[in-house]
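Take a look at the structures below.
Each of the next two complexes has chain A plus one more chain, namely chain B in the first and chain C in the second.
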Partner chain A sequence: MSAESGRLEDLPVDAVHLGAALFVLAVLLLYSPLFVQPPGGTFTVLEVVVLFLLYAMILVGLNLQFGHAGLVNFGPVAFFAVGGYTAAMVTAENPFGAVGLGLAWPVGIVAAVLAAAALGVVLGVSTLRLRDDFLAIVTLAVAEIIYDLIIAFRDYTGGSLGLNNVPRPIAGTTSAGDGAVLVSTIIVFGALAVLFYGVFRRLSASPYGRVLRAIRADEQVTETLGKRVFRYKLAVFVYGAAVAGLAGALLVFYNGAASAGFFTINVTVIVWIGMLIGGAGNDRGVIGGLAIIMGFQLFTRFLNDQIPFVTQDQFASLRLVLVGLLLMVIIKYRPEGIWGNADELGVDS
Partner chain B sequence: MTLLAVEGVRRSFGSLVAVEGVSFGIEAGEIVGMIGPNGAGKTTTFNCISSVIDSDAGTVRFDGADVTGVPPYALARRGMVRTFQQTRELETVTVADNMLLAAPEHPGERAWHAIGRTSASAQREAAARERAMELLEVFDIAGMVEEYAGNLSGGQRKLLELARSLMLDPKLLMLDEPFAGVNPSLTDEIVGHIEALNDEGMTLLIIEHELETLTDLVDRLIVLADGEVLATGPPAEIMDNEEVIDAYLGG
Partner chain C sequence: MEIPLAQEVIFGLVIGSYIALGAIGFTLVYGLVNMINFAHGEFITIGAFVGYLAVAEVGLPLPVAVFVALGGTAVVGWGIARITFEPMNDAGAVPLLLMSIGLGLVLRNGIRVIAGPDRRSIRTDVATYRFDDLGFFVTSQQLFIIGLTLASVLVLHLFLSRTMLGVAMRATADNEDLALVSGVDTRRVRNAVWLAASGLAGVAGVMLGTAQAASPTVGFGQLLLIITAAILGGAGSPYGAVAGSYLLGIGITVSVVFLPESLTSLNSTMAFVVLIVVLLLRPGGLVNREVRTS
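Showing the complex of A and B:
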């Protein structure tokens, strides 16, 4: 790693310590009678921030997989969905027309992480020995299959109506209203996002990450230099799956419901575009890219309110066109992304 | 002592039999050259020995143990290290990281040490860096240490690949055409390095197409033709062998 990118990537505080400290503070805040009431009118923004923090957790895993190890995972939403629905089905109390075991939410978190990781192991073992493009196709297909299964098995998942009566652990700690819940949620999720950023950053900045980047460059050479390539690939695939599963569980515990609409291919598209815009392989850059793309979506949503003669649906399509154009501009003129390293990614810019 | 014993290795690709029952042995401390016309099965033999591809039949013994089918990473850890015909340095990785990557038994390559930032990892990294710099000095590419390997010249890449394989402290170093596409002065330099390594006790097996350089360098030649061992012996003897001359002249 060159000194220049080292400066860019290293926060003044270690993110693992920062995330852990923030998390302790967040829990203390939850159990204290204190709360923060955000100004009205900021709710839309804060809701997007909640999603941003969850997507950021998915993205740190995806960036380790693609940005460092070169694994093309086109289905991060599959693990997000499996985590979310597992958590919901394990913890929901008498959901209308769906499975709800009514267990405590920590059990739901553990089950969500295990289920997502298990899916990661199954997919990884079956496809990671194949060529790279197979993984891309399989993950893309699996994400769509899981979405279809959620809709089709409505007796278990609630289908398109969703799965309600899921506990809301953070909401349960305050009676100060939705605004206070939003702020508390952001603090907790923010702490977790920083923590996971820190953990994955330590992986990527260590000799471990060096092996991953070698695998991206040339698997066979890496293997003949004494590295168990398949094991590394499987490990980063499963780590990313587990964290995405956790993010899915956090989402349903925030919403108090699981709904298929939260687990569409849009999630995959947003985190991928965020990663490509920010610069795959640059751990902070990808988060910046995600902020840019989600900020863009938020901004255009406000813009929509100012233009009376375009319906929301039409505007959503136009926004997709703009996102696509943005991606094309990036790939054409700056293929390494805003903060990416062209030498490391092997692209000409 | 026989370091490497290859017995009846066979490999076909579809209906094409690339290697048909190749057997030979290499004694510890030897430099052995493997020659043969294009398509004789030299690289396939290499790939089978190093498990980069599976062989259909045959056994490979290395350093007193049967290593047939042992995966490449495990062979590298046992001390059998190879290079590839096309220089395959990791272009998107710096010279320093190319070298450090090859450092064996690095605890920092395990997730737990990486996340915990253990002192064991830091110590190994420091030791590996020291060794890497020594080797880069020897191979005269220390000035390029922070450069991405993709920005090196062809000759520097060859040297980097050789230096990198030495990070593993190989017992047997298998070089696939180390002089291909290399200018004469660099060829002499690489020959010098190989001789120095051999003087320190390293065993080498070298595939080469160009005979002149090889015959001066090696103790013994193995001649492959049509997937079989045609002859083996000291270079002078091989050069007078009628069969070998025929094979090379396409007779």
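Showing the complex of A and C:
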């Protein structure tokens, strides 16, 4: 740890306080007549920032699971999707050809978190005893199953058309246009992301986190020391699931619709690559990694217009080739990521 | 008299055939290199394109194209594995798995950049044999696919049981360290595994190219089915993988009969459900391999 980050840690305010304070401020701003109007050309960037904050919430859970406890969860998008669709189905009012109960949005949030956590419990109890690589396959398969179910049960979920007429609580507090809504959304989501980052950081810095890292290093030794390894794993799995479910609900309430396109395997890929770039297990590093990969995507989106002779489809593929290469280079030459600790992760660099 | 479900079973055998060739390679790699290769579907895609080029551009007959795809994909797959996986052979299961995900992204999208997203069907003359009394029909193409798979399995069996390299392969799969101290050149074995696995994937690719079409995602679309079949048969066991593939293929086509029409798109979803159920109830698969930690 450098002197600077050491000073940062000595401050009496940590991310939990900061997140809570930001959240209060954000709510005050929402209910005040004040608003912030961003300049016109920044909407694309701001949209990506909204997604970044939601993915960051998924990532703090995933980092606790993989970075600290060593659980290879390849299906975080499953919980994201379950949260999103639960929230949408509970709150939508007369969606076209889908289920919509039309309840208030706080009910939707609670239902989303509970549904995602319930999936986490069921999946965790049944699969967490599997070996690393098989856990990866099962979680990946579950994510695919949930995506397929969303498409197949179109009478309930709207299928590939999606589910609309979902309330937009943040948009409802202002009439100043899309730009102001974007800024308010970013402030609220940012506050929540900082809050959850702080909570999970406290968890991983506590003795509890030490047990998790011990599980990652050697399960049997940890069990011998009297720690109930399975319970720890399950708890971590469910925490991550619940936060991802909340993030899904937030996405739906921001969009005013649930659409399967937001819940594809790409979410898993981006979040995982962000974590690996930053260095799994380093709470701050993984967020940095996510910023790098999403910044890269944003930057290359603008780049497409500058390069002649390349169709949009080819360009999208090229971008994914680069993402894949980046993943391969990281795994091969710097398996601990940019800010990770090679000893703790048990990898040779 | 009509034989109930005969048609579905034939379709199932066809699906099972190309899953089987993919699953054998996948499970060999799993057993010997100790990695789950998420890029295995891309080897199939390469085979499909090699087959397409051989038939449509060069004008070779299909049986020759099969051998071209077998050889071409074997060499390409082996070369890719030498560059990517071989140097980090000791890194452990999860880093290798992540590496293969990266490689899959690169290959899948690289092929898409070059070939475009179009589907290219390998055209062949198809004769249909009807057995209306018995209630089914079968095409020459289907017979070709099933026969080719059975022949490949037979060759593989002879290789594993009758050649020194095959025996060394089984010994290495069983216990790599013991094989090493017994004088088995495990590096040579791994080379052979990569050649065999990608070669079989190439053949599966040609089959998919004729039955469906060669497209950048044709192999990736089969990947979860292949993994399911391999685990169903007991990860690491090639014979189990063949059995698992046919069980899965027939299961998919027969279940269509019993599912309501609106849910027929779910039959591959059912395969994933099968995968999870197998891992929970009998994680070792048909031949009972151990996949749990403790």
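Points worth noting:
Keep this in mind: the second predicted complex is superposed on the first by the 334 of 349 C-alpha atoms of A that agree within 3 Å, B and C clash if a C-alpha of one lies under 4 Å from a C-alpha of the other, contacts with A are read in each partner's own complex, and residues count from 1 in each chain.
Heads up, the rule we're going with is that contacts are C-beta pairs under 8 Å (C-beta built on N, C-alpha and C of every residue); 3 or more make two chains touch, one makes a residue touch a chain.
Predicted, not measured: the structure shown is a model, and the values here were computed from it.
Legend: residue contacts after superposition of the two complexes on their common chain; A:Ser175 is shown touching neither chain B nor chain C. By the touch criterion stated above, A:Gln220 is placed in contact with chain B and with chain C alike. Once chain A of one complex is fitted onto chain A of the other, the partner contacts of A:Thr42 are absent, as it touches neither chain B nor chain C. Of the two partner chains placed by superposition, only chain C is touched by A:Arg129; chain B is not. In the superposition on chain A, contact of A:Val211 is made with chain B only, not with chain C. When the two structures are aligned on the shared chain, A:Lys332 is found in touch with chain C, with no touch to chain B.
Legend: residue contacts after superposition of the two complexes on their common chain; A:Ser160 is shown touching neither chain B nor chain C. Looking at the shared chain after the overlay, A:Ser32 reaches neither chain B nor chain C. Among chain B and chain C, the chain that touches a larger number of residues in chain A is C. Shared interface residues of chain A (contacting chain B in one complex, chain C in the other): 220, 223.
Residues 1-3, 16, 199, 202-203, 206-211, 213-214, 216-218, 220-229, 235, 239, 343-346 of chain A are the ones that touch chain B when the two sit in their complex.
Considering their complex, residues 35-36, 84, 87-88, 91-95, 97-99, 101-106, 108-110, 112-113, 116-117, 216, 224, 227-228, 231, 262-263, 265-266, 268-269, 272-273, 275-276, 279-280, 283, 291-294 of chain C touch chain A.
By the touch criterion stated above, chain B contacts chain A in their complex at residues 50, 52, 71-77, 81-82, 84, 88, 90-94, 97, 100-102, 104, 106, 108-111, 113-115, 117, 121, 124-125, 146, 148, 150-151, 164-165, 168. Here chain A touches chain C in the complex through residues 72, 126-127, 129-134, 136-138, 140-142, 144-145, 148-149, 151-152, 219-220, 223, 269, 272, 276, 313-314, 317-318, 320-321, 323-328, 331-332, 335, 347-348, going by the rule given at the top.
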